[in-house]
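Okay, got some structures for you below.
Next come two complexes built around chain A: one with chain B, the other with chain C.
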Partner chain A sequence: MPRPGFVLDVDRSTPPMLFWRGENFSLERLPADRSRVIYPPEPLAGIEDVDGAIRNALLNPMDAEPLPTLLKPDMKLTICFDDASLSLPKMRQPDTRQRIIEAVLEMAAAAGVDDVHLIAALGLHRRMHDYELKHVLGDRIFDAFHPRGTLYQHDAEDYDNLAVIGETEEGEILEINKRVAESDLVVYANVNQVAMDGGWKSITTGVASYRCLSFHHNPKTLQNTRSLMDRHHSDLHKSLWRMGKVLRDSGPQVFTVETTLNTDTFPKPFDFLAKREWEWNAKDRATYLATQKSLSAMPVKARRKVMHNIESPYKMTSVQAGFTPTVHEETLKNVYAQHLVDVEGQTDILTMGIPYICPYNPEGIMNPILVMCMGLGYLFNMYRGKPLVREGGVIIMTHPTYPDFNPVHHPSYIDFFEEVLPDSTNPAVMSEKWEKKYAEDEWYRHLYRTGNAYHGVHPFYAWYWGAHGQQHASKVIIVGGDAATVRRLGFTPASTMNDAFEIASDVVGRSPSITHLHVPSVLVADVK
Partner chain B sequence: MASSHIKRAQRLAGTAERAVSRVTTPLRNFGFPYRIPTVPRGVEVPPEVTGLGAHYDTEWARRPLASGVRGIITEGPIRLAARVLANPEVAGLDRLSDLMRMEDPPPVIFAPTHHSHFDTGVMIRSIPTVWRRQLVIAAAADYFFDKKWKSAISALSLNAVPIDRESAGRTSSDLLSGLIADGCSLVIYPEGGRSPDGWGQSFKGGAAFLSSKTLTPVVPVFIEGTGAIFGKGMKRPKPGNTKVVFGSALSPLEGESTRRFNARIEAAVTVLGDEAITDYWSARQRAARGMSPVLTGPEYTSWRRDWDLADRRKLGAAGKRRRQKRTWPDLG
Partner chain C sequence: MRALQVRRNIAMLGMARIASAVSPVMAAKMGPLEMRTVDDPECPGGTNAEGWHRVHTRLAGICGSDIALVEGHASTYFEDWVSFPFIPGHEVVGELDSGKRVVLEPVLGHAARGLPLPFAGASPADGDDYAHLAMDSNGGALATGIQTGFCCSTGGGWAPWFWAHESQLHHIDDDMPDERAVLVEPLAGGIHAALLAQPSTIGTENPVVAVLGAGTMGLAAVAGLKRYVPEARVVVGARYPHQQAYAKALGADVVVPSGELQRAVRREVGGMLVGGRLTSGAHVTIDAVGSNASVSDALGMTKPRGRVVLLGMPGEITLDLTGLWHRETELKGAYTYGTETLADGRTTSTFDLAIEAANYFEAERLLSATYPLADHVDAIAHAASAGRRGAVKIAFDMRERS
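Our next item is the complex of A and B:
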């Protein structure tokens, strides 16, 4: 029986806590009697017969006809699936999406459907490399559909292949992939790793145009998203749900398949990362020391290679299919069952270790903008109710924050770092002054459409993702980061955790309460 | 210098041959009891119990020492030979991932197609380690266990156990059931022997029967290409490429007869065969329409059958990887 998550009050006998530091980690001692650590729940048991569960979900959907009855021989069937930003780290094969799509294809073959297209729902993310597509879909699907040109990736800049579905009451225009718009049935295969994923968000962002995304990916909406992990209090999700209504009324029929994963994130020998520190046995301690020292001795490139090669042994905990909103409500229950931890009250200082990966650098470099996005965008938003840190509090992150960028994946990030950040770190200002230039830049557009680059506007969106956290905290400190880079981000550098607490005391006094968000694994703090 | 060595070797060989001839020539002139007795007319000689064939006891080959030796043979020369001569490309192992990743993976029965002696080497190379460690090969008793030396080599190097192809005796099935109960996985060729003409043969019910008896899942496997490398009747192997496609594990349904289950296994292998030379989606579509190309080939005989076989083999080699060139969008 997996143990639920809990809040540990730190005392003098509490061992030092594990902090991510990019591609490495460290153990940091937290002040006794005023610190607490939020531990995630242990991984729930996975479904034993995954293929059977998927088939059962397709045959007994929620608020929809069974999939085989929706399939007709002369129909246009489009299967959309999440891109490489999920799961993190990538799950070992076979991926959940492969299993879902194979089950759908079996039924489509039995129904005699010939016109089938598979579309990677990238939104403005980078195109996946072929090996990534093969990892997600498996060799069989890739070899069958890719050579025919019926497996491809969404292009949000291909205006000949985009179609306007309609407009919401708030004037937001829903513009999506033309093939999706003209399909008789769209099946969406989701991986719902966190509560933010899935629902109408998948299709209304994954196969949408830049114009459509700009209605909700902006500083105002994201500052009023409280939080990304709480759909009912998120302006982003409210906008997406309005678009979903337009899609439901005027678009193609959508059959959603959502799956939830447990938090069994790291395989051996990295499994000690998910253990509670006082439960580390001699082997775990030896593995930690060996891994930490070896990673420290390696060049950064080799370190990244080691970490990005990790494939997670995630197990599927639930699968549900049918009408999107109904399915998503059930999915949320299952996601929260894995992630929620009850927490009493807010804190003065929130500490968090920033790992080597976030949704925007699978197989790539975690550049400084993504460090901000991961810390203030994702980890800060891992709450329901109230943020873990009080308004005006301090956030302390640990990460080396090198000024390193992947020029293939993140070309516009480099210019954003050199040109935009020295001018302003205020999301509203940069949105007004710079966003249009980057979004419409022909070179970035070319790299996005033909290479493996994120869209030119993407660094802005990554920055806006942290807008709520940036507005909420009065100071952000990065421990162990490159000082000049950290300052460029508008944050304060510190060499050690004690230095960071000293710096924070200017804002929160000499005896602040401290809360450490223990990652891995993922958790959502239900703050009362 | 080299020629003088050759001449000396020739002289020595000649001397040895003459010495052997001096000893054996008189023996050939001797009759009974130095030679096998002749049998009088009208007398029936009772069959000699030799301990060969289906009765060969392979227990010794599963003891630790023999297992250790076999480990070296299979991981070394057999896997190397399979790599060098057959270069197998393995597909579909992800279909077995749930079984493989269980804490204690259960034994399974692999049911591959059979076109060549190389099939066993290719299977040994392709089967995941969790099952390879305790893998037993069901080998024809009348072919691999008809001589003591052949029996010993088969049992030691492949962990082969004899299976009686000529009569449906209980000896083989009891032995195999016992081994499965002990945790061994099994490779059994449901066609009963190598293909005589390059096309497949109808499946016999051995795998289905054992699965129903022991409640062990059957993994259908299609091996493409070994027939062209060292098919029946070929004198020497001709190196080439092969593809091994694993299917999802099948278990007998409640109340399903062995005959029906066997037909289901054959159908699964047929679809895998189509998948091996075309692609997954085309194979599924044809299977749904009941139009999968049958393993046993066309009904007609003579040269037209061989002609079609050549076509299929071409398709197999060409179908290995057909990548579309990257399509660049027209940016006007």
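Our next item is the complex of A and C:
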């Protein structure tokens, strides 16, 4: 029986806490008697018969006809699937999406459906490399569809192949991939790792145009998204659900398949990462030291390679299929069952270690903009109710924050770092002044459409993702980061955790209360 | 008199080149530059002393070409265009025997050599045959030398006084401080480069000129562009923060760290980056560095059929010129100054423009430190690492005598 998450009050006997520092870690001692650590629940048990569960979900869907009854020989069937931004780290093969799609294809074949397209729902993310597609879908699906051109990646800039479905009562235009729009049935194969994902978001972002995305991926919406993990208090999700209604009323029939994963993230020798520090045995401590020292001795490229090569032994904890909103509510229950931790009240300071990966750098470099996005966007938003840190408090993150970029994946990020951030770190200002130029840049458009680059506007979206956290905290400190780079982000550099507390004392006084968000693994603090 | 002198000494040049890799101080100590007692130079006019003046040095700047010489990096190209032993120093504000202050236009041109001018009103550097620079003239009294500071007959600015022909002298107003006037010569070089950029900007919508490097010459080019090529949008890549601040203060439209210049240019003009080069690029790039990498970078960020102006002295470099061939890029040298034709058709001398620009920009802000001639080792070392040490222009100060 896995233990639930809990809040540890730090006292003098509490050992130092593990913090991510990009592709490495450190152990940091937190002040006794005024610090607490939020530990995630242990991984839930996974489903033993995954294929059986998927088949059962397809045959017994929620608020929908069984999938076989929806399949007709002369129909256009399109299967969309989440891209490489999920899961993080990538899961061991076979990927859940492969299992879902294989089950759907088996039923489609039995029904005589031969017009089947598979579309990677990458929105404005970078196109997946072939090896990533193979990892997600398996060689058999890849080899059967890719050479025939029926397995491809969504292109949000291909205006000949986009179609307007309709408009919400708020004037938001839903514009999606034309093949999806014109399909008789769309099956969406989802991997739900956090509560933010899934539901109507899958199609209304995954196969949408830039124009469509800009209605909700903007500073105003994201500053009023409180939080990303709580869709009922998220302007982002409200907009997506309005678009979902348009899709439901005027778009193709959608059959959603959502799955949830447990948090069994790190295989040996990294399994000590998921243990609570005071439960580390001699072997864990030795492994930590050996790993930390080895990683420190490696060049950063080698460290990245080691970390990105990790494949997670996740287990699927649920699968549900059918009508999107009903399915998603069940998904959320299952996601929260794994992630939620009850927490009483806020503190003056929130500390968190920023890892080497976020949804926007699978196989790539966690550049400075993504450090901001991961810290103030994702980790800060790991709450329901109230943020873990009070308004006007201080956020302390640990990360090397080197000014390194992957020029293939993140070309516009480099210019954003060089041109936009020196001008303004204010999401509203940069949106007004710079976003259009980047969104319409022909070079970025070319690289997004034909290479493996994120869309030109993507660094703005990554920045907006942190807009709520940025607005909420009065100071953000990065420990161990490249000082000039940290300053360009609008943050304050500190060389040690104690320096960071000293710097923070200007804002929160000399005896602030502190919360440490223990990552890994993923948790959502239910703050009362 | 006591002066700094360079003698032809291959061994010392070699040692300086090696020592410069270790430290500028060692290069200055071991190089061919020595403080010596030298004979007062004879008037280079020979039997005709008319027009020749003694110039008493007040301030004399240290130029990148001087440092290249002292550190043994100068190209052998100039071996036939200079005469040893010579006293360097060509960025000079000085005083005539009459007490009038002047700045020196250092080229020893036709008038100084008693030869007919290439055209009426020509400046010393004008003309399309440089033969006169490479031979003795005035009955042998004026030896080979492209300019004061590289000629054994005239002396040079790194001495208490030297000879200059009146064609080389520009009188300055009493209210122009020496610290400003000593910047006139480098400013003239930068303005000349800026005006060489102008033909590629005329008739162009939103012309972009990239300036690679923001030492003295890069900043002088920025000043020249903002003053005399106002239609150009100037994008500067500057290595050091103080250089970035100066470039902004001189009016550059976009200033970025050197490594970001190519992308900054792309952001201005659009286009793509293919194989490390822009598919489009700046209409003109002024390379104010003159290294292997800088020339290569300049070619890679200049649009097809655009122009690269080499303002920094490049020396011997290795380049893949396929891109230049493919893109039909024009490579233009910008050694010095002369008679300029402005966009409105007016002709004037670069030095007149430079004096005007020096006053306009209050160029003394670029003079970071001065040293007495006796402290030449420290002065040269400072100039050789000016960027790293937060400096721009270093000069010798010889005003104690007055």
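Criterion: the second predicted complex is superposed on the first by the 528 of 528 C-alpha atoms of A that agree within 3 Å, B and C clash if a C-alpha of one lies under 4 Å from a C-alpha of the other, contacts with A are read in each partner's own complex, and residues count from 1 in each chain.
The definition used in the following text is that contacts are C-beta pairs under 8 Å (C-beta built on N, C-alpha and C of every residue); 3 or more make two chains touch, one makes a residue touch a chain.
Remember, it's a predicted structure, so these values are computed and weren't measured experimentally.
After superposition onto chain A, the modelled positions of chain B and chain C are compatible, with room for both.
Using the contact criterion defined above for the overlaid structures, shared-chain residue A:Asp155 touches chain B, although it does not reach chain C.
Put simply, if you stand at the Cα centre of chain A and look at the Cα centres of chain B and chain C, the angle between them is 110 degrees to the nearest 10. By the document's definition of touching, neither partner reaches A:Ala32: not chain B, not chain C. When the two structures are aligned on the shared chain, A:Ala286 is found in touch with neither chain B nor chain C. Once chain A of one complex is fitted onto chain A of the other, the partner contacts of A:Asp441 are limited to chain C, with no touch recorded for chain B.
By the touch criterion defined above, A:Ala109 reaches chain B but does not reach chain C. Ranked by how many residues of chain A each touches, chain B and chain C are led by B. Once the two complexes are overlaid on the shared chain, A:Arg449 sits against chain B while remaining clear of chain C.
In the superposition on chain A, A:Gln93 makes contact with chain B only, while chain C stays out of contact range. Of the two partner chains, chain B is the only one that A:Arg140 touches; chain C does not reach it. Remark: least CA distance from chain B to chain C after fitting both complexes onto chain A is 14 Å. Overlap of the chain B and chain C interfaces on chain A: residues 446. The touching residues of chain B, when paired with chain A in their complex, are 91-92, 94-95, 97-98, 101, 248, 275, 279-282, 284-285, 287-289, 321-324, 327-329, 331. Interface of chain A with chain B (complex): residues 48-51, 92-94, 98, 105-106, 109-112, 114, 116, 138-141, 143-149, 155, 158, 313, 446, 449-450. For chain A in complex with chain C, the touching residues are 411, 414-415, 418-419, 441-443, 446. Chain C meets chain A in the complex at residues 256, 260, 263-264, 266-267, 270-273.
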